[in-house]
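Order of writing sets the labels: A, B, C, D and E. Residues in every chain begin at 1.
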């Protein structure tokens, strides 16, 4: 496959007071993939995400995005480049309507966000696009609902819609199905699949059903370092992965979920 | 199954502020039993647990713990009756180190797990003992939240989504732990999204919907109830 | 003119200066009205009082409102310069007599003078002149100032320095302390290093009290004399004679100075369980004299009453040989007192002994020094 | 984000923020409200004719503007500044000084006051916006104390005597402001313009971003907004308006004194907003009216109890009346609507 | 010998005096930090409680002849009890709301307390004599240090260290810290949190009261003594890092010294130096010197 690399880290390392959480990680994410990052608890997956989105400064190493070194940029800059991350919870504006939540993201590209003298009406032309985005995640009927009142799974969907409004090229999802009921897990998995068209997704997920069903590629971290990397089928048979992640070697990677 | 009832809930109503969440929950748990509470997101399972401990807003009805009425008691008095609660949101304290977090809940009774046993089960915790609690990874925090109440000697454990965010390897360990605890005679109420985790462990199942118990069945009836569960939970 | 004659009294009722004037001061105005018979020109006299909370805008609004809606005949200002200057502005605009009792600032009769203002009790220039000259003459040649670092302190220090130098003394240094400094030890240590004969405290109220206490504690009072440039008897009471012994104080009146004053003070003591300050005495005196003037001219018309007030001689328990100058300055005798030792002080509030009496023409700003245009005509 | 998550106490409780009301009421103006505004405006226009005391109403409008400026920050940005007296009072001095001593015309004096207040706001904001909530409150309080001491010591403020006898002069060299009625309409015009301006700010694209920041700051960051800059702009806008209020006040009352910069003035403006209703447009105006009227009344009635009464109102507001008069009214209306629907 | 252009004797003298003032800052900011850290309340009433402490000592001496040493124990207890009442009556109702409400409520309480004392006792203040045992001064060679001031430093540092140990190193301390974050959960573990919170506020108030008693013989006892100080103490706490117990103590002492030296080198600035330092510290370290990054 000759797909180009959209994101690359080299020797990326994060130490906390002598404890190495991310250790010399070289990772390549190919454009258009759904790339899953898995590994035992405390392996450094979230920390790795935090490094990519600049919530933490790396101790060493570089991050290259589309050939540009973004290692030392600020979080908002990174976001504007099209790297957007979803949060685990409450990543919505609770007292805004679903529509306004999406519009919040669309508004940014308008360049009028400091214009305190313009009326709110100047934002109304964004509503069409916002509705489109809501429709992609099945939320068109909830457009005028305050977000606090949405059920959990819908909130996640809204978050995805908002994230997509930013036209991200690369979406980082940290345990997107955590805390969801089975129905929701299924819906969100399909949603991720759907929105992955035309963009790249890097996700952390413990639910192997989800990973196996949509991931193109998997990287396994253990103690901050990469122990395996490759297509799902290949990695899932790696004894080291089974031992580190699955426990008993005879268990299937389908796992406990 | 001994006839001794550890927990008996009847007609339990609970509110968060103005919103009425539980509409008359009835359930009982016998001594030494593992009971799983199933339901969709928002069905009210967490609320049931919180209501038992006294963490919801207003509540009404009856909660008897080992025969003692607890509906009027403040949370710390409920805990003293031998109840250990592991909250869904984990509740790890940022200003305490991992070890301080572990040692925090006062011992309620003899017979809890020792710190050595706990570290044996969750080596991550030992390694990160001096780290501030919330600096642990998501999964590590979950381990800590569970470990914390295993120490206290509480005999009635309310465990809310304890397999959440854990690697399969740890989930297996947790399942073993629950079996061990059951063997030791602990009484356990599990709330689980992860049906496959709960299914083999529980003696009995309750299914919740809209703040009420809608079904109850035993382990041996599991197979014949799968269809119903499919409908309620999409399993 | 019919209807009641209204006298308005605006002062600080509850805050920093409430003890030296405040509600008791208001009561003195009422006493004067009562003692006058409650009526003048056959019209009843009403007293309105208000708390300006040390806010100039509150004082000004109240004054304006009273003049406009209650047809106030006389406005009396209690303590604090800022509020009094604001009231003087209103009185000038509305052309009503204004008597300022407790303001310290000499601006009222200097650059901001007005034909409608009478500055009744004292001002900082007088305090400096009285305190400074007597002390230098008594041999305190080398001065060091501990000064509150704001306009009031600065002017007190500057006025005093001028007096000290004019009388042949020298000023060897000064240290500025912030307003409401709770700790003075550091400044005092610096003062002690200066080897001056006398430490002039150019501050007031709480600052003065705390400085005085610390001076005693650090043994400063043993090596140098201390002079308070603006001290009321309530301050001395607060510090206690033990701490204030030997302190030299300038004031316009002392309750124990003669029989008339003692009589007034006894009546006050009965009600308040403390002795009146010079300001409270002045409140009474000013009201009484105003009523006399109205009686005399037979009207409350501002210009006529002002003319009478300016022409009058003031002789009562509060002051002797008083007269009002064209700039509005009440010129009367001022006194320098010394705080008695604990042994000499025989009864409560028996704190002062007289050191010197300074005639009015030497105590206040002279016509030559003044910048008031009313004096130049 | 699972790791550096904040395990907050309040995670499971509905946190009632001072601005909780805004979510519902921040939006446009309904018809009924519009009518109320029109009626009030009409009343204000005829006020001098029906014998309302113009200086009192002007003073009230100045403080109402001050409270609205403050509320722009607390109510619509979620930042509690405990140092707004600094902008109000410092601008008051600047206007007083430029007009009285330097002989500037009133409009230039006001402009100078506003500009200086804006710069001061920029400086305050720069230091303070890095922290949120009560930290922010304490930092602004401390900074304003610095300004207070500066004003106390600086020669041009006249120390504790204040800057007195500022003449209003002629607006644009022709309109004589000495006449209270003329001054009144000027103040009213400025107030109305600013009130509408604040409504516009709140409902502008910029206002939308402020709303997002208030609701969920990390989310706003992750959407690519540099939140600090937005907060800073909001802070500067609020400071400028507070400065405008102070400048006007100097011209109305003809003096500027230390009270204007003292921290108790910051406390007062908080009380006004709280009493009237934080996060509502009209609340601060009403609150200012109540507080000013109360002060005026208390001045000759209760004397020494003033502080105690003001303190008690604070306590009462916080305990029983958190939404303020207007806030409670709106909430009551909403409840009725909800009941009518049900 | 000279240090920074002043004789080293004077230098040591000023250092000593700085420490004395720092001791008061430390004690007050300690109480404030404890209450803030554990209850998430910025206790604006802290200055007023300090004032009440001083008044309690003065009234006891004046009315009943209770001497300093008894007052040193009794006054903090009284103020602590007042704190308990305040918490039960008012603050209790604010938990779970935005912490700003706590700030505003205690602000109101401060006004009430101050106003009431002002009405009763006026503002010019009362003086409290230094106790017999500690009167007099010791010549340290470089300065004359009043014995009482030396005692203040010793007493305050002892109290601060004890408090720090209690909170950071004991089990009770762990409950308290955890309770701040998630009181309900700690209670669900079996700890009587409401009682603990009440007592904590009481203890914080008692600390303020104790500082008040210690201060009484040094400065004039007036209703305004607290409000003059409280804002500086706020700044101390912000500089130290809010919620950091040790941080507020060290910063308190340090700022006392810095302020002392400013009085010598540039007295005009001594009122604002603390705020200037605050601004600088915040620009370099937004969380304060000892605060944990949020």
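The rule is short, and it goes like this: a contact is a pair of C-beta atoms (placed from the backbone, for glycine too) under 8 Å apart; a residue touches a chain by one contact, two chains touch by 3 or more.
In UniProt terms, the chains line up like this: A, B = ABC transporter ATP-binding protein; D, E = Branched-chain amino acid ABC transporter permease.
For clarity, every value in this text was computed on a predicted model and none was experimentally measured.
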Labels of chains that are neighbours to chain A and to chain E: B, D
Chain pair with the higher count of C-beta pairs in contact (B-E, A-D): A-D
Inter-centroid spacing, chain E versus chain B (mean Cα positions, whole Å): 44
Separation of mean Cα positions, chain C and chain A [Å, integer]: 75
Chain centre separation in whole Å, for chain D relative to chain C (CA means): 38
Chain B: positions in contact with at least two other chains: 55, 91, 93-94, 135-139, 165
Junction residues of chain D - those touching two or more other chains: 2-5, 7, 11-12, 149, 153, 304-307
Touching two or more other chains - residues of chain C: 14, 18, 149, 178-179
Chain E-facing residues of chain D, complex: 7-13, 15-18, 80, 126-128, 130-131, 133-135, 137-139, 141-143, 145-146, 149-150, 153, 263, 267, 270, 274, 304-315, 317-319, 322
Interfacial residue positions of chain D with respect to chain A in the complex: 1-5, 23-24, 28, 200-201, 203-209, 211-212, 215-216, 218-226, 229-230, 233, 237
Residue ranges of chain B touching chain E (in the complex, touch as defined): 53-55, 74-76, 78-80, 85, 87, 91, 93-96, 100-101, 103-106, 108, 149, 152
Residues on chain C engaged by chain D in the complex (per definition of touch): 13-14, 18, 22-23, 48-58, 60-62, 64-65, 68-69, 80-82, 85-86, 89, 105, 107, 112, 149-152, 154, 178-179
Residues of chain E touching chain B in the complex: 171, 174-175, 177-178, 180-182, 184-194
